[in-house]
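Heads up, the next two complexes both have subunit A, just with different partners, subunit B and then subunit C.
So, the complex of A and B:
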C-alpha cells in the first residue's frame, strides 16, 4: 500500500522544480533563435541578394559584412601573435613571479568591461588621428581577443602529457626549438580552436566599436585609416532609430550575425571538451 | 640550469608579455589621468549626487553619477537573484538527472548562450522581452501591488531596471552555471553513495551535496555579477536611460556602462563632461575588479581544500 509521505512529496516537487528551472534556463535561446529567424527571414527573402551586397540606400548590409570581416582580420593580425606568445610564456613559467602576474593580468583583462576598452582606444588612437578608423576598431577588438587566445593557448599546451616535454628536452634541443617545434605543434588543435572561438567572439562585439570604428554603411571600406562599419554596430544603430524599416533591417542583420556565429561556434564547440568564455 | 644569456625563449616571448603589461598600465593611466579633473572639481559629490546638468556655460555644468552607480549595482543584483535558482537547478539537472545525450545538448546550449553576440540579446530584449514584461509582469503587479515601493512606478514604456535585470539574468546564467556545474561534478562519488546509502531522498541528498560546493556557488554568482555589471549594449537598449535613483524596479534608469555608451559620443561639446565619464569608467572598473577578485579568491581557496 502506498502511503503519503511528506519526504516523498518534497522529493517530487523538487524534481519538477529542477526540471522546470532547467527548461527556463535554456528556453530564452530557443526563443531568441525563433524570433530572429521569424523576423529576419522575411526581410532577407524580400530583398534577396542585394541584402548581402548592397549599401544602405539599397537596403543592404554589404558594407557592414565586409567591415566585420576586415575588423576581425585586422584584429587577428594585431592580437594573435602577441597573445600566442603570452600564452606560451604563461605555460612555460607558471610559477615565476612574472608568470603568475601575467596569469592574473589575463584574468583581469578577460573580465574588463568592453566599453572601457573602446573609450581607451578612442583616447590613444582616434583622437590623435582625428578620425574613426578600421585600425582603431581592430585594435580595440585585439585587446579583447588577446586574453582569450592567451588563456586558450596556455590551457591547450598544459594538456600535453609531461613525458613529451621530458622527451623533447631530452633530445638536447634548446628551449625555443623544444617548445615551438615540438610542443606547440602537439597542441595545435587546441590552440586553433581557441583562436577560432576568440575570433567568433570578437566578431559579435559591439561596445568596443562604439567610439572607434565610426561606421560606414553606404560604400565598401577601402582604407584601414578610414571609418568602417560592422554588423553588430549597424544593428545597434538601427534599433535606436524610430523607423519600422530600420527595425526590420536590424532583424535581418541579426539573422546574418546569428548564422555566422552558430556556423562557426557549434562545429568548434562539438570538437572541444571545455570552453571558457 | 639554463644560462640566462642564452635563453632565446625569453627573448622571443618577453616583448609580448611586456606589451600586454604596458597596455594594461596604459589603460589605467589613461583612465586615472582623464578622470582626475572631474574628481578634483567636484570631489566626493561626483559619486554621491544625482544630478546631470550639461550646460553650454562650463561654470553651470554639474554632474553626479550616483544614479548610474546605483543602476549598475541594482540591475546586476536583480540579475543574480534571478540567475541563482536557474543556475543551481541547471547544474543539478545536468549532473544528476539528464541522460547523456540531453546532457550534451544542454551543455552546448549553455555555451552558445555564453558566447552569443550581446547585440542579439539586445534586439530580442527590446522587441520581445520588454513588451512581454510590460504586459504580463509589470502591469498586473503595478495594478494590484503599487503600494509596495518596489512596484510603485507606473510601467509606461516597459524599459526599466527589471527588464534590464531579467535580460542580464538570461545572459549571465550560463557563466555561473558553468562554474557551479563543474564544481558539482567534482563532488566525490563516495559522498553521493553515502548520502543514498543513508536512505536520503534525492532532494535531501542534493541538499547535502550542495552544501559541499557552497563556495563554488558563491564564486559562480559573484563572477556572474562581474559580467553583468560590465555589460553594455544589451542593457543600454532596455534600461530606458534616464537618471533615477529609486528602489522601484519598474522605473527606467541608467547604468555606468550605458551612461558611457550614450553620453561619451557627445561629451566633447561640453567642458567638463568627458572627465566625469572617465571617472564613471574608473568606478565601473574598480567594482568589476573587486568583485572578480573576490570570486576568484573564493573559488581558488575552495579548489585547494578539495584537492587536499
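So, the complex of A and C:
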C-alpha cells in the first residue's frame, strides 16, 4: 500500500539533489588526480630513476625537484620564525592595536593575489640584484607562507583550555616562560600542522616564482644568489612548448608534485581535529 | 606583628559591570585549613584567584581593595605577580596536569623554569619529596616517565598538589579540589589537606558545608559576593550568628 506523501517526496528530491551536487564538486578533484596519474605514471615508468635525477637534456627533472626543496627550505628559514612569533603575539594580545592590526592584515594576506607578491619581490630584490635568484623566489614564497603559519599558530594556541593557562602562570614563571616553555609545547601539534600545510602550499606555488626564481633545469643549484628552478615553474614552462615530449615530461612532473603534495596533506588532514582555519 | 597568612580589606571585584565580590574583609590565620564556602556562583572561586593574582589573566576582572600575604600588600605597584604566584600555589577544580609532560616533568617544570635548584640531583630530590608529601610517590615511583593521562582523577589531583608543593609555597589555594573526584579519592585528598596545615596555610573553596566541616579549622561563608560571617569552624557550625549561615550549614540553602 503505497501512498503518495509530499513530505517524503520532498525529502527524496532533496537527498538526490544534494548527492548530485556533492559528486559534481568532488568529481573534478578526482579527475585531476586520475588524469595526472594516468598521463604521468607511464612517463616516469619509461624513463626510470633518471627522471628524478637527470637534467633537462637527459629528460629528467632532478634540478627542478632540488630547486623546489631549496625554495621551501629557504622560505621556511625566512618566514617561519617571524610568522610563529606574530601568531603567538596575536594570541597573547588579541585586543591590542598591534594584535588587531595583525589580525586584519593576516586575513588580507591570506586572500592576496600571489602574482602581485612576485611583482613586488621582483621590484625590491630581483631588479637591484640584477638577476633572478633562489633568494628572491624564497622571499616571495615566505610572504605567502607567513599568514598561514601565523593564523594556524594563533588558532592552535587559542584551542588550549583556559585552565592550562592558569596552571602555567600559576607556577610563577612569568609570561614569556609560561607561553614559550609550557603553552607553545602544549599546542605543538596544531602549530606543526600549520607549518606543514604552509610548506606544502608554497611548494605548489607558481605565480610568485614567475618573476623571481628564474628557472634552472640543466644543472643543480649551487648558490642562493643565482637562478633556481621549481617543479610548478617547470610544468608551466613545459606546457607552453609545442613539443609533445615536453608535454609528457610536464605530466611526469605534475605527478611528482601531486605525490609530494598529497604525501604531506593526507596524513595532516587525517590527524587534523585540533585546528581549523 | 602580623599573624595572618592572608588578609583582605574591602576587597571588591568586578567582571565588567558586574560586582562579583563586594567589600570583603577577611582574615585567614597561619597554619590552618580555611574553608571558603557558599552556594554555587557566590564568587568563591573568583575571590580565591585574587589571592595569588591569577585573576588578572581574566581581562574583564577588576580588583579593588587590598590583599595582604603575610602582611605584604600583594597589589602594591612594586610587586611582581610571579613572585606572589610562587609563594601561593594553586590546585584547580578540574585536575589539570600538563598533558604533554610526564608525571616527573609536571612536578619538575616549575622548579626548572624558576631556576630554583641548580643540579639535576637536587631537582630529582625535590620532585621525590613533593610526590611523597602529596602521598603519590608509592603509586607513581615506577612510572615517573609515564603521562598523567594514565592516572586516576584522584591521583591526578594529588599530582597537581605535588606540582604546587614543589615550589615550597607558603599558602595553598584549592578551588573545589574534589568536585570531580570519586568518593575514595576525595577521602584521601581531604586527609591530605588536613595533614598539610602543619607546614602550610590551606585555603579551600567548597560548596559543600559537610566538606568544610570535615577539613577546616576556620571558615568563611560567602553569599552573593558578600562575606556573611567567618570564624572557627566549630563555632560557626554550632552557633551561627546569621540566619543565612544556619540555613547553609544545615543544607537548606543550595
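In this section, the second predicted complex is superposed on the first by the 263 of 277 C-alpha atoms of A that agree within 3 Å, B and C clash if a C-alpha of one lies under 4 Å from a C-alpha of the other, contacts with A are read in each partner's own complex, and residues count from 1 in each chain.
Heads up, the rule we're going with is that a residue touches a chain if its C-beta (ideal position, glycine included) is under 8 Å from a C-beta of that chain, and two chains touch if they have at least 3 such contacts.
Treat the numbers as computed from the prediction; the structure is a model and nothing was measured.
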Larger contact residue set on subunit A - subunit B or subunit C: B
First (subunit B), second (subunit C), both or neither touched by A:163: second
Contacts of A:204 with subunit B and subunit C, given as first, second, both or neither: first
Which superposed partner A:257 touches (first subunit B, second subunit C, both, neither): first
Which of subunit B and subunit C A:182 touches, first, second, both or neither: second
Which of subunit B and subunit C A:113 touches, first, second, both or neither: first
Partner chain(s) touched by A:10 [first = subunit B, second = subunit C, both, neither]: first
First, second, both or neither for A:174, with subunit B first and subunit C second: both
Where subunit A meets both subunit C and subunit B, residue numbers: 174
Subunit A-touching residues of subunit C, taken from the complex the two chains share: 49, 52, 54, 57, 59, 82-87, 89-90, 92, 94, 96, 98-100, 109-110, 113-114, 160, 163-164, 167
Contact footprint of subunit B on subunit A as seen in their complex: 7-8, 10-11, 13-15, 17-22, 24-26, 28-29, 31-32, 35-36, 39, 81-86, 88-89, 92, 98, 101-102, 105-109, 111-117, 119-120, 122-124, 143, 146, 150, 174-176, 179, 197, 200-201, 203-207, 210-211, 232, 235-236, 239-240, 247, 250-251, 254, 257-258, 261-262, 265-266, 269-270, 275, 277
Touching residues (chain side subunit A, partner subunit C) in the complex: 95, 161-174, 177, 181-182, 185-186, 188
Parts of subunit B lying in touch with subunit A, wherever the complex brings them together: 2, 6-9, 12-17, 19-21, 23-24, 26-27, 30-31, 34, 85-87, 89-90, 92-94, 97, 106, 108-124, 126-128, 170, 173, 175, 177, 201-204, 206, 223, 226-227, 229-233, 237, 257, 260-261, 264-265, 277-278, 281, 284-285, 288-289, 292, 296
